[in-house]
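You will see chain A twice below: alongside chain B first, and alongside chain C after that.
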Partner chain A sequence: MSIEVRHITRQFGKFKALDDVTLKVESGELVALLGPSGSGKTTLLRIIAGLEFPDPGPAQVLFYGDDVTHLPASQRKAGFAFQHYALFRHLSVFENIAFGLRVRPRATRPPERDILQRVETLLKLVQLEPLAQRYPAQLSGGQRQRVALARALAVEPKVLLLDEPFGALDAKVRKDLRRWLRRLHDEIHITTLFVTHDQEEALEVADRVAIMRDGRIEQIGTPDDIYDRPASPFIYDFLGNVNLFHGRIHEGRVLIGDTAFEAARGAGGPQSQAVAFVRPHDIRVTREASGRSTLAARLVRCHAAGPVAQLELERLDGGAAFAVQLSRDQFRQLQPQPGEQLFVELQNVRVFSDDYSI
Partner chain B sequence: MGPAATLNRASMTPRRRPTSEPPRVRRLLIGLALGFLALFLVVPLASVFAHALARGWGAYLKSFHDPVTFSAIKLTVIAAAIAVPLNCVFGVAAAWAIAKFRFPGKQLLITLIDLPFSVSPVISGLIFVLLFGAQGALGPWLIEREIQIIFAVPGIVLATTFVTFPFVARELIPLMQAQGRSEEEAAIVLGASGWKTFWRVTLPNIKWGLLYGVILCNARAMGEFGAVSVVSGHIRGETNTIPLHIEILYNEYNFVGAFAVASLLTLLALVTLALKTWVEWKNASAPGANHGSSP
Partner chain C sequence: MPFRQRNVLPGFRLTLGFTLLYLSLLVLIPLAGVFVKTSTLTWDQFWGTVTAPRVLASYRLSFGAALLAATVNLFFGLLVAWVLVRYQFWGKRLVDALVDLPFALPTAVAGIALTAVYSKNGWIGAWLAPLGINVAFTPLGVFVALTFIGLPFVVRTVQPVLEDLDAELEEAAASLGANRWQTFRRVLLPILFPSLLTGFALAFARALGEYGSVVFISGNMPMKTEITPLLIITKLEQYDYAGATALAVVMLVVSFVMLLTINLLQWWGSRSHAPA
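And now, the complex of A and B:
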């Protein structure tokens, strides 16, 4: 276990930023802390780095089994990249990266030649060799973030902590940089924990994703796990791209309108009222009804530009709207017309007892 | 008139921007501003030198051969040399505390730093007399130990320090607040000690603001009249600073002498102004210039 936190609680006045959080990150793993703003993810990251402290109690932070709870940030050997980079504005790119080596006490400071070599290697790693003599103000956002990463890596940290590493970048650079981060991680295998509020980013980059809500970890798992088997309606809602149907649970199946569907049970008690979640790409659309396993719906509108066709349908019994995604092929075969009556079959339905409202 | 002529005419008259005033109004406003500047700044400035040189360079230079004048200059330099570094250290410490940390009483501290600006300098001087004077609260205790503060050099240094107290701190607080704490946090995570973080990160980031504050602080320290006047006792050759000495010379109808010494302070003002401009220019062109406040 290379990063382990146990029973971390942190209260700001009346607001509980973290509520008894326990988390383990395996050695060499890349884990995303995902959550809406105010869910405590940045506070947790800062506590791990030693920039913030947990409330007194049984709280513990361990790096590779060593208890670092009471070590100051300067002695934890954690690499940290800040959301707004926090580069030293008066130092060049080269000196920014060299900083962590130069501030060491004389006894442990590497000789100048080694510092030079190490910085050169890192500049190469982050592909910024030609910009070594520039100042932070002369760099783009993506370049600054890469300098920040190189600076954090220069001190050979035990773990790497990234706070919204791509939060301040525009969409295109974000995508490029997160793939770059994934490749970098595959190359150097440093245990990494990064905070993000972007579910797409977390699912794409991380080995495992921990979803936080109101100071607690709601679910932790691989991206597939999280996407296919969300543990709560909140996670469905937060990940987005999902339809919600109200219904009743009946003999292990869920009744939506008059139609019964096979459903996997999520969390919840034995209440008969339930909400069912279905992803738009798990809905099959046909022209003919097939017995009692399809719902009748009217096509409101559709647009087919892009890799998938987006359909918006309205149930005939009650008129609740839902979305469907079809592949281009399926769309071409079906050729649905707005206003037309269609039948849908719901697959991979997950139900939760109806005490959660979105 | 053909279309070509119209086009030509249009290109001759400069295009007017929506916010610009008619030329007559513009000329009037600029004239007023310049006239005011001349009347209240340039004429007095020139007249200082005119009076100082009224009897020629010989008389002007002779004014400085007076040992009493020399001692006034010396005392002013001593007072500034003590007050400016003190306020520099205090200003950095206060701004650091206020900008980077949360603590109870912070607002009160900010208000207190401004106190010397909001109190009349004469009152500031009087406070020290009431505290350290012979009839003052600590007077008997000081007399017993033969320590003299009022009507002596320590009083002048104290009064100068008090009056120039806010300059550095006020310059740095908004600058450091705008810069935030993240660079310091980055340095600490990278393993830097608090001391190294201060020297290698905090100080370089505020150096131009600090220099600016020091220049203003020094100008005020050398030019302070009111507070120093109350605590000095006006002992010639011992407790007179430059401004006090000028007043005495003037009251004795020694106009050349008064204005000659005054020209020193005037030169100091001009040098301050030049330095200030230079610092502002340097600040704006410094690498990574990205400042919260421009002075």
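And now, the complex of A and C:
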């Protein structure tokens, strides 16, 4: 393993930021720490970097099996990128990147020629060669973050730690940059852990995603795994829009109203009271009740501007509202009108016992 | 900036006009008067006055002590600002308020207080005397007084910059392998440099012009502990107005050149990382 943390607990006053967290990041892997704000993800990253310390106890941080728990940040060889870049504004792009090499003790400091070469290689890697002599104030946000990454990579770190690296950028730059990060990682294969609160970013970029909640890791797995098989209603909800249907479990199926649907079991006991989770794009809409099991619902409103059409429906039995997404093709074929009665079929239903709350 | 350039901020001419008038009335015209009065002397008279041995000795003391005091304030001012910004401790607000006291205190009061404390039978002077260190009525006393009145400048110029400094900069430096000293030397100091220089210049200028506190603690012995402002007063008391202004001209020119140099240094220092 490459980065490993064991039994990390960190308490700020009465607030438990981290509660006995254990995590392994394999060598060469890109792992995202995903969670809402206050879930402890940044604290965990900072503890790994040595910028913060775990509460005394059995806590351990290991890089490539070496215990670095008691090493200061300057000796851990962990590259760190901050959300707000933290570039040295009095130094040029070139000198920012060279910083880590220049502060090495004389014995291990590379000669000027090598520093020059190394910085130029990195400038090429982050595609900023023409800007070497600029100052941070003269760069855009995306360029600054790339300088920060190059600066972190210059010292040939054992691991790369990124704290919301794209959090301060606008949506378009953010998308470009995260694809760039993925390509960069495929190129240099450095063990990377990055923190984000953007589930789309985590699912798109990472090899594995660890979802944090209230100072604990709630689930860790590949993006597909996490998206298709969320371990809890919290994760289900956190990863995207979801509809909740209250019902009862009956002979392996879930009864919603009077209709039974096939359902996979999530976590929870064998109670008969259950909540069914269905994603808006896993709901089929038809005009006639098919032979299969369907629910009757009335269309409240719909809007079709955008990549998918968004429908808002109300169940006829009880009036609970839910959301449906249709592709534009489906929407054009169906041409639903507000106020119209439609039938819906629920697919990929996942059931959690009722005492679970989001 | 060209005068004709269109600007979204209105009132450029009005504010510039007022600034020039204000500076003229308060600074330029009175100072020009000094030069006018001096010009009643012939060149030989002028040169004789400003290079008299007693006067030369006073330059050495005035500029030397002011420079030394400003330098000491540079280091200790930074230290005080650092402590006030970086640490939380009981009584911090009180210490913070104490820093401004030399601004508010009438300088004569400061001079009398310092003299009382540092004279041979004062609280501190009594301890220093057996070690052979005399503070009151020596050039050392002048230096102590000038350090006292210059203290707030460096603290107050550096403090806000230090407060705005992002802790992440130091964390970034640490994660890149820099030790504490390298982080200070290569990251913090360059950022603090312009404000340190400003503080230094202000403290120096203030020390150079100081009169009230020094005359009490120095003893005003000719050739030994006499500062140039005191010589000017002495000449005024002897109705030698032209002689007094001659000394004033020398002080003015020298301090103006020094302050200008510091300003240029600062401009040069901040030029590199200012956005284009």
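Please note the rule applied: the second predicted complex is superposed on the first by the 354 of 358 C-alpha atoms of A that agree within 3 Å, B and C clash if a C-alpha of one lies under 4 Å from a C-alpha of the other, contacts with A are read in each partner's own complex, and residues count from 1 in each chain.
Here is the rule we use: a residue touches a chain if its C-beta (ideal position, glycine included) is under 8 Å from a C-beta of that chain, and two chains touch if they have at least 3 such contacts.
Source: prediction; values computed, not measured.
After alignment on the shared chain A, the placement of chain B and chain C results in a clash. Of the two partner chains placed by the overlay, chain B and chain C both lie in contact with A:155.
With both structures placed on the common chain, the touch criterion links A:89 to chain B and to chain C. In the overlay built on the shared chain, the residue A:276 is in contact with neither chain B nor chain C.
When the shared chain is aligned, no partner comes close enough to touch A:285: not chain B, not chain C. When the two structures are aligned on the shared chain, A:217 is found in touch with neither chain B nor chain C. Residues common to the contacts of chain A with chain B and with chain C across the two structures: 49-51, 72-80, 82, 84, 86-90, 99-100, 103-104, 135-138, 151-152, 154-155.
Note for the complex: chain A touches chain C at residues 49-51, 72-80, 82, 84, 86-91, 99-100, 102-104, 135-138, 148, 151-152, 154-155.
Residue ranges on chain B touching chain A, taken from their complex, read 182-183, 185-193, 196, 200-201, 204-205, 286-290. Those residues of chain A that touch chain B in the complex are listed here as 49-51, 72-80, 82, 84, 86-90, 92, 99-100, 103-104, 135-138, 151-152, 154-155. The touching residues of chain C, when paired with chain A in their complex, are 166, 168-169, 171-179, 182, 186-187, 190-191, 272-276.
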